[in-house]
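Please find one structure pasted underneath; my questions will follow.
Chain nomenclature is as follows: A, B, C, D and E, assigned in order of appearance, with residue numbering initiated at 1 for each chain independently.
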C-alpha cells in the first residue's frame, strides 16, 4: 500500500465518516463541525488530485467563510438540542432510505459499468485527443504554479463570461440579502 | 265543368268548411256552424254526383277520372303525385261519404246544439270528410295513407271531443295508438310493395300485379299484403286491433255514425278492394283475412249479445259486420264486400243516428235497461230504427239481406271459402239477429223502464229527416246488387253493382259455376237462422224478460267472460302495455341513470379521487417533496438503464 | 488554445449588460437619496425602460445563430424568441408588482433590481451553450427569485414558499450539477457543441454519459415542474406574491424550457430509448397530475399552479418532438408558440388575481369569485377569456398553441402523446370552467378590492386582446418563428 | 466485492464512488433531517460531492476545465449558502422555529 | 362575400349588442338584426345553382400557409337548408325570449348571435381547422346560455354538456391533424381542405379496429355521435334540455344537434367510405336502439321537457338510421328530418317555455285540462305534436317515411324494428298530451288566484311561422328537396370515392379563387 493509496482510503473514510456525522448528530453545532471536517477532507482529496488552487479555495471559502456563516446562524438561533432531529413518518422514512439507497446503488453501478466503456471506446477518438492535448498542457505546466496559471488563463479567457456572470450573481445576492434583512418581517426591518 | 276543378271543389269544400269553423271555433252558433259544415259536405256531395255521372257516361273500360294537382314528393325513383282518381270503386265511396256525411252533418246540427264546442265539432267533422276523401281518391298508396292517418286523427279528436272526461280522452288516445300499430304495418306493406313494384301508384301496382298465384308465406306479395291487412285490421277494427272501436263510442253519437260505422272503419275493406289484383294472387293472405274476418264477426256478435249500452251494442255490431266484409274480401268476393260496405253504411248510420235520437231524448242516457217502450214517445225514430233493424238482420228485401247473403254464399262457394266459414258467418248472422232484436225490444218495445225524471220526446225535424232518408236507403239500397239467382227468378233484374265493378275487380280464379239450388238452400238456411233468433230474442225480452237473466246465471262464467269482452283489453294491458311501461321505467333507471350516467360519474369520481390523491400527496412537507424527486430519479434511472 | 474574445462578443451580450445597468439605476437612486424609497413609478419606468432597451438590443443581436465567448453563448432563434418572451413576461410581471399589495411601496427599488437581475440570469440561460454558463444563469435567476419571494410584505406564507422553493431548487441544482460532472467526465467538456454530434451514440455506448445527461434533463424537469418533480409548484405559487407567481409561471418557465430545448437538441433522445420513454411518460404523468390535481383545488392561485403544471406536460410533448425531429424545427417552434400563448394567458390570469386581492394577506378562493360578472364585467369577461384560452377552446390563441404542439407530435408519430394531450385538455376544461361558473352563474358578493389598479388592468386587457386576436393571426407568427430557425 | 486490486489501485472509479457516497449522504440529510440548518449543510455536502467528481475527472482526463467548474460551483454554493441562511433567518424570525415540520402551511 | 357576410354578420351584431348603451331598445335591435340576417341568408337561395352538386359560393383565402389551412367556405345542397334554418330560427328565439329572459339581456343576445356565427360557420366551413374552430366555438355561448339563464341544476347540466361534447371532439382534432399529414403524403402538400381530404385514399382493413381508416372514422364519428346524440352517449341531452332556458333548448334542439348529423354527412360518410360501409351496421343498430329507447324512456318521464328531450334522442335515431343506409331515400330523409326536427322540436320547446312562463312548472302530473283553459295554446301544441309524431301532411312524415323506406331498401331488419318507433312516438306524445291537456283541471290549471292567460299576440307571431313551415314542408316537400337533390345524388352515386368540386361560376365575387 503506497502512501497515495493509504491517503486516499484515509481521506475517503474521513469524508464519509464526517459526512455521516453531519447527518447523524442531533446537535446542529456538532453537525456543523463535522461539515467543516468534511470540507477539510475534501480539500485534502483535491490536493491528492493535484488541484492545489482549488483546494485552497475550498479551505478558504467553505471551511472558512461558509462554515462561519453556518455557525453564526446556529448561534443566532440559539438552539441547544433538537427534540425531533429526524423525520418521524415510518413509511416515508423507509421510502426515503430505500430511494437513497437505490440511487446510490444505481450511481455506483453506473460508474462501475460505465467505466468499462469509459475512456476505452468512446474517448478513443475524440476524447483521447482532448486528453492528450490537455495532458500535454498539463505537462508543460508541470508544477503547481503552472497548473494554477493554466487555470487562471482559462478562467479569464474561455470562461470569462461565466466569471463575469458570477460577479453579477454575487452583486445581486449581496443586495438581495440585505434587502431581505431590511424587508418587512426581516431581521433589520424598520 | 272541368274534372280537375270538380275534384278540387270536392276535396277542398270540406277543408274550407274546416278552416272557417276552425277559425271561429269558440262561437256557440250551432245553426251557422252546422250550416256551414253541412253545406260544405253537401257541395262535395254534388261534386261527387257530377263526377259519378260523368263516370257513368264513360265507356265501361275507361271509367276513370284522374286529376293530378302537383308532384308531391319525388326522391330518386320514388315519385308520388298529389293526384286523385275516381273509378268505379272510389266513385261509390265518395257518394257514400259525402251523401251519408251530409245527412249526419245535418243531424249533428240539432244534436249538438247545446254543446259549447259545436263549431269545433263541425270543423273536426269537415276535416274528417276531407281526409276520408283523400283516402278514397288518392292515386297512390302514400296519398291514401295521408287520408288513412288523417281520418285516424279526426277520429281521435272526435272521440276525445269531450276531453274533460278522462275516460273519453283516453278512448281517443287508445284509438289513435291502436290505429298507429296498424299504420306502422301499413308503412311496411308500402315499403315491400315499393321494393317489389318500384312504385306506389295504385293503378300501376294493379297493372303490374302478376297473374300467377304466390304460394310462399314469405313472398313479397304475401308479406306486403299481409302487412297492409294488418293496417286494415287497425282501421277497420278487426282482431287483434279491434279494441279501440267499442271505446270510441265515447264520442258524440253522430261521430259514431259517420266515422265508426259508415265510413272510416270501412277504409280497410276499401283498401283491399282497391288493391284486389295483388290480394287475389296472395292466397295465404286471403285465407288469413277470411279467417280473421269470420272470427271477428263471431266474437263481436257474441259480445254484442251481452252489452247494456245502446252504443256499445251497435259498436260490437259494427265490428261484427266489418268482420263480414273481411270475410267477403277474404274469399275473393271483393264486390260483395264493397256492397256490404255500402248497405252497412246506410243501416248502421241509421241505427247510430237513431240511437243518438234516443240518447238525445233520454238526456244522455245510454243504458238500455233504463229504456223500453220508447215506441210511443218517438214514433219516427222507432220506425226508422225498425227498418234499419230489418235491414241488418237480413230480412229480404231490405238492403242488408242482399249484401249479407252474397257474402255468405261466396264464403261457401268461392274456392277460397269453405263451409266452416259459411257456418261461422251464418252463426254470427243469427247472433246479430238476436242482439239487434234484443236492442229493439229493450229500447222501443215492451214496458217502459224510463226513470220518472226523464221525459222522452221525439226529436226535431232536423234530426228525423236524415233518419228518414237513411231508412229509405236501408230499404232500397240493396236493390242495386240483386244476386243473379234472385234476379233470374224475378225476371231479368241485372246485378248493377256487380256489372259496374266488374272491370276493376279481378275475378276469383277457378270459380265454379253457381249451383242455384244450393244457393237457395243456403239463403233459406241463413234467413231461417236469423228469423228464429230474432223470434227467440223477442220472446226473451218482451214476452218473458226473466229468461235471459236465468240463462246468464246458469252459464255464469261464460257469460261473465263474454260480458267482459273476453278480457281482451285486460290481456293487452297485462301483456303489452304495462310491461312496456315497466320496461321503460327499468331501462331508464338501469341504463340511463344507473349505467351510462353512473359510468360518467365513476369516471368523474375517479378523476376527482385522483385529485384527492394528489392533494394528499401534497403534504406541505418539503422533505416529502424532495423524496418525490429522489424516487422519480430512481425510477427514471432504472427505466433508462433497463431499456 | 485559441481564445478570441473581442468587441463582437461584448456587443452580443449587450442586452444583458443593458438590463444589468438598468437594474442598478433604482438602487443607486435610492442609495444616493439617503436610503429613501424613490418614487415607485419612476422605478417602474426605469425597470421597464431597461427591459425595453434589452428587448431591442436582443432583437438586434439575437437570431443570427452566432456563438460568443468561446462558444459558451449562442444567439440563435431560441435565444431571440424565448428571450424576448421572457423579457416581455417580466415586464408584465413587474407592472403587476408595481401595484400589488405584497410588493409595492417600500423596497420596490430593490425588488426591481432583483427582478431585472433575474432577467439577466434568464438571458444567460436562454443563450447558454455551455452547461457551466447555463448553471450560472440558472442560479442567478433562481437565487434572486427566492429573495424576491421572501421580500414580500406578506410575512408568513411567502417566507415559507421562498424557503421551500430554495431548498428544493438547490436540491435540484445539485442533481443537475452532478449530471454535469458526469457529462464533463465522459466528454471532456461541458459545452453542448462539443458533444452535439456524438451525443446520440454516446448515450448508447456510455452509461455514465447517459446518467449525466439524464440528471441534467431531470434537473430541468424540476425547474419546469414536471411531475414528480413538480411538488414545489402549487405551494410556491400559492405562497409567493401574485406578481412573482406570474413571473415564475411565465418568464422562468419559458427560459427553463429554452435551456431544456438546448439540452434536448443534443439528440440524446434519439440514442436512448429509455430516456425517450421516460420523458414521454413524464409528459403524460405531468398532464394528468396537473389536471387532476387542479380539479379539487379551491384556491384560485393553486388552481392556476396546477394548470401551469399540466401546461408543462403539454410543452414537454413539444420538447420531446423537437428532440427526436430531424427535419426542421417544427417542434421547437411549436414549443415557442405555445409558451407565447401560455405566457399571455397566465400573465392575464394572474393580473386579475392581483387586481382582486384586497390586501397582501388575501388569498382568493373560487367562492370569492361569485357574482363577479355582474359587479366587474370587464374583469370577469377577460378572466373567462383567459380560462377558455387555457382550456384550448378555439379560436383563442390557446387552441392554436395546442394545435401546433399536437400537430408537431403527430408529425413525429407521437400520436399517443397527442391523444393524451387532448384527453387531458378535456379534464382541464372542468376546472377552467369552474371559475366561470362562479363568476357568471352564481349570485353572490364577490370579494372585490375597492381600488383601481390601472397599470395591471392595462396589462390584463392587452393580454386579453392578444389572446382574442392572435389566435386567428397565429399563422404568420408561427411561420416567422419557424423560418427564423431555418435561416 | 473488494478485491485486492480494488484496494490498492486507486482509479477514477474510487473517487467517483466516494463522490457518489457523499452525494447520497447529503441527499439523505436533506430528506431526513429536520433542522433547516442541517438541511442546508447537507446541501453543501452534495455540492462537495459534485466537486470531488469534477476534480477527479479533471485529473484523470487531464482537463483543467473541471477545476474551473469547481471554482464556479464553490462560488455559487457560497452564494446559495448565504441566501439559504438569509432565508433561514427570515423564516426563523417569523416562526421562531427551525424544524422543517412547522413549515407546512402551504399544502393540499 | 355572401357566405362570409352570413357567417360574420351575427358576430358583428354580437359586438354591437355588447356595446349598445340603451337597455330599452336592446330587444328590438336584436330582432331587427336577426331579421336582417335572415333576409341576407335568403339571398343565398337566389345565388344558388339548384341543378349543381358542386360546392357553390366558394370563398377561399389562405389562412395559415404553413399547414395549408385556409379560410374556405362553401355551400351545397346538404348545408343549404341548415343555414337557412339557423337564420330562420334566430328571430323566432329572440321574439320568444322577449319576456322570459329578463336578466342580463345584453349578454343573452350577444351569446345568441355568437352562437349563430358558430353554427353557420360549422355548416359552411370546408376547411378542417376552420370547421373545428367553429365547432368548438359553438360550445361557449351555449355553455353560458344554459349556465346563466338556466334552471335550478343548470351548472351541472351545462358542465355536463360542455365536457361531454368536448370529450368527443378533441379526438377529432388529433384525427384532423393526422388527416392533414395523410394529405401531405398523398399530394405532397399539407392541406386541411376537406376537398383535399376527399382525394386521399386512406388504407382500410376490414375486420379490425386497428386500421387507419377505421380509427379515423371513429375519432370523427365519436365527436359527432355525442353531439347528435346517438345512444348511448345521449345522457347529456336530457339534462341540458331540462335546465336550459327556452331559447337555449330551442337552439340546442333546433340547430345544434343538427351539427352532429350534418357532419356525419359531410365529414364521415364521404371521407371514410370503406369504414362507413363496414361499420354501418353499428350505427344502424345504435340508431334503431336510439329510436326505440328514446321513445320508451320518453314515455315515462314526469317532466315535459325531459320527455321532449328523449323524443329528440328518438328522432335523432331516425336521422342516423337514414344517413347510414347510404341510399338516396335515407339520406334525403335524414336531411329532411334534420329540418323537421329543428322546426317541430324547436316549436315544442317554445311552447313548453310559454306554459312554463305561466305556471313555472314542467311536471306533467300537475297539469291537466289545459285544453279548456288555453285553447290557442292547445291548438299550436297539437299541431306541433302531430308534426312530431309524423302525421302525414306535416313535415315530420316526409322525413320519417323516406328514412324508413330507405332503411327498408337497404336493410329491412332495421326498418322492421324502427317502425315500432312510429307507434311508440305516437304513444308517448299523445299520452303526454292527454295528461296535460285533457281530463280534469290539474292543480296548476285550476288555481283561481292565478288564472292562466292564453297566448298573446307576440307568442302567436312566434308560433305562426313554425306552423306554416310545418305544413309547407309537409305538403310541398319538393320545394325543399329539389335543392338538395343534386348533392345527395352525387353523394350516393360516388359514395365509394367521393369528390367535390368547386362551382366555377358560382364563386363569390371579389374573392380570389384558386390555390
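Definition applied: a residue touches a chain if its C-beta (ideal position, glycine included) is under 8 Å from a C-beta of that chain, and two chains touch if they have at least 3 such contacts.
Predicted model, so just to flag it, every value in this text is computed and none were measured.
By the document's definition of touch, common neighbours of subunit B and subunit C comprise A, D, E. Listed by label, the chains that touch subunit A and also subunit C are B, D. With centres computed from CA atoms alone, E is the chain lying nearest the middle of all the protein shown. With centres defined by CA atoms alone, the chain at the far end from subunit D is B. Among the remaining chains, B is positioned farthest from subunit A, on the basis of C-alpha centroids.
Between the Cα centres of subunit C and subunit E there is a gap of 43 Å. With centres set at the average Cα position, the gap from subunit B to subunit E is 38 Å.
A straight line joining the Cα centres of subunit A and subunit D is 6 Å long.
One inter-chain figure worth recording: subunit D and subunit E are separated by 65 Å, centre to centre, where each centre is the mean of the chain's CA atoms.
Shown for subunit A are the residues that touch two or more other chains, namely 87, 96, 99-100, 103, 107, 110-111, 115, 123, 127, 130-131, 134, 154, 158-159, 162, 166, 169, 173, 176-177, 180, 183, 185-186. Annotation for subunit C: residues 132, 136, 139, 143, 147, 150, 155, 159, 163-164, 167, 171, 185, 188-189, 207, 210-211, 234-235, 297, 430 touch two or more other chains. Subunit E has no residue in contact with two or more other chains.
Pairs of chains in mutual contact: A-B, A-C, A-D, B-C, B-D, B-E, C-D, C-E. Subunit D makes touch with subunit A in their complex at residues 7-18, 20-29, 31-35, 37-38, 40-42, 44-45, 48, 51-52, 55-56, 58-59, 61-65, 67-68, 70-72, 74-79, 81-83, 85-90, 92-94, 98-99, 101.
Note for the complex: subunit E touches subunit C at residues 63-67, 69, 104, 129, 132-133, 136-137, 139-140, 143-144, 147-148, 154-155, 158-159, 162-163, 166-167, 170-171, 173-174, 177-178, 180-181.
On the side of subunit D, the complex with subunit C involves touching residues 12, 16, 19, 23, 26-27, 30, 36, 39, 43, 46-47, 49-50, 53-54, 56-57, 60-61, 63, 65-66, 68-69, 72-73, 76, 79-80, 83-84, 86-88, 90-91, 94-95, 103, 105-108.
By the touch criterion given at the top, residues 107, 110-111, 113-115, 117-118, 121-123, 126-127, 130-131, 134, 153-154, 157-162, 165-166, 168-169, 171-173, 175-177, 179-180, 182-186 of subunit A touch subunit C in their complex.
Listing the residues of subunit B that touch subunit A in their complex gives 621, 623-624, 627, 630-631, 633-634, 637-638, 641.
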